[in-house]
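The block underneath contains the structure these notes are about, expressed in structure tokens.
Order as written gives the chain letters A, B, C, D and E; numbering starts at 1 within each chain.
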Amino acid sequence: MIIGKVISNVVSTRKYDSLQGYKLLVIQPYYGTQERYFVAADEIGAGEGELVLVTTGEVAGQALHRKAPVDALVIGIIDSEPSI
Amino acid sequence: MIIGKVISNVVSTRKYDSLQGYKLLVIQPYYGTQERYFVAADEIGAGEGELVLVTTGEVAGQALHRKAPVDALVIGIIDSEPSI
Amino acid sequence: MIIGKVISNVVSTRKYDSLQGYKLLVIQPYYGTQERYFVAADEIGAGEGELVLVTTGEVAGQALHRKAPVDALVIGIIDSEPSI
Amino acid sequence: MIIGKVISNVVSTRKYDSLQGYKLLVIQPYYGTQERYFVAADEIGAGEGELVLVTTGEVAGQALHRKAPVDALVIGIIDSEPSI
Amino acid sequence: MIIGKVISNVVSTRKYDSLQGYKLLVIQPYYGTQERYFVAADEIGAGEGELVLVTTGEVAGQALHRKAPVDALVIGIIDSEPSI
């Protein structure tokens, strides 16, 4: 899984119906992927600036309460940055 | 998910029958992957120059209205570039 | 999906039975992955030097006419290099 | 699969219910991925400083005794660093 | 798929029961991934120094004769290095 910070969100009016109701967050990864930024769906209410745990791939899609074509999902808010 | 710009499209006459009817777009990623370009299927009518949201992997194939061997799919047109 | 050129093929006598009958091509990617070369299965008869479209991951395995442990599959021959 | 060392763990109070009871470890990879660190779930009791084998993707989620949206899982403690 | 050379193997006494009986090989990739080394399961008896074909992701797990949380699997011994 990836640890990253919520930076902002993506607004898309024309999109798959199944994406309605999910927030699409721009995440800045700290650990777990070498991208500068990527987009993850959120249904637990992560706020801007919070540190989150993100899962990727098919398990992301399966974890959603309502099926959607999502390959990255916020699965937790991290209490404090892990000591590394 | 990946944010990228639609650059052009791929024409393939000899291909899997299941790919018939899907547009195959060349995408220039802004965020979410370090490739220079990659190909994504489209069934929502993204136009050249538009900024799109792309999902990858098995969830892409599952989201299609008709099954096809697609590992990247345009799932939304982005209203405006996110503030980062 | 990946765009790449067919370079040569891989010969493997001792292999999984399910791989029998599939050609295993060495592909030089142009776009979609940063590898120098990788191997993709082919069942549509892509020839050496041809530009092909390759899908990856589980959807590759699902698209085969006969199940095999394949994580990359040629799904189309590209008519001409896309304008980028 | 990835070989890496257990560095610390991630504490997340607000998270998916399905993640309750799994330890979330920060792993420093030695081989198998180019990340500096990533997070893997653990249900076999890997301790800090131990060398572990980690599997990724959908098979990680399937291997769990109780389903959870996990894309990386510790599947073994390695007896000694392999000779390379 | 990846082409690589078998370098050594990984010994893990404490591991998932489902991994019992599978050899876990350290592979040095030639083509198909940019890692220096990674671990793949083997059930066809690849020997040290042999060139092998490795498949990754969920198809690896599905190809096993007995289900196990494996994300990379040796699926063939390569007769001779492909001409590239």
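Here is the rule we use: a contact is a pair of C-beta atoms (placed from the backbone, for glycine too) under 8 Å apart; a residue touches a chain by one contact, two chains touch by 3 or more.
Every value quoted in this text rests on a predicted model; they were computed, and no experiment measured them.
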Interface numbering overlap (same over half, different under half) for chain D and chain E: different
Distance from the mean Cα position of chain C to that of chain B, given in whole angstrom: 19
Rounded Å distance between chain B and chain D, as computed from the means of their C-alpha atoms: 31
Numbers and ranges of chain E residues touching at least 2 other chains: 34, 57-58, 60
Order around the closed ring of chains, commencing at chain B, then chain C: B, C, E, D, A
For the chain A and chain D complex, residues of the former touching the latter: 1-3, 31-34, 44, 53, 55-60, 62-63, 73, 75-80, 82-84
Chain D-facing residues of chain E, complex: 7-16, 18-19, 24, 26, 34-41, 57-58, 60-61, 68-72
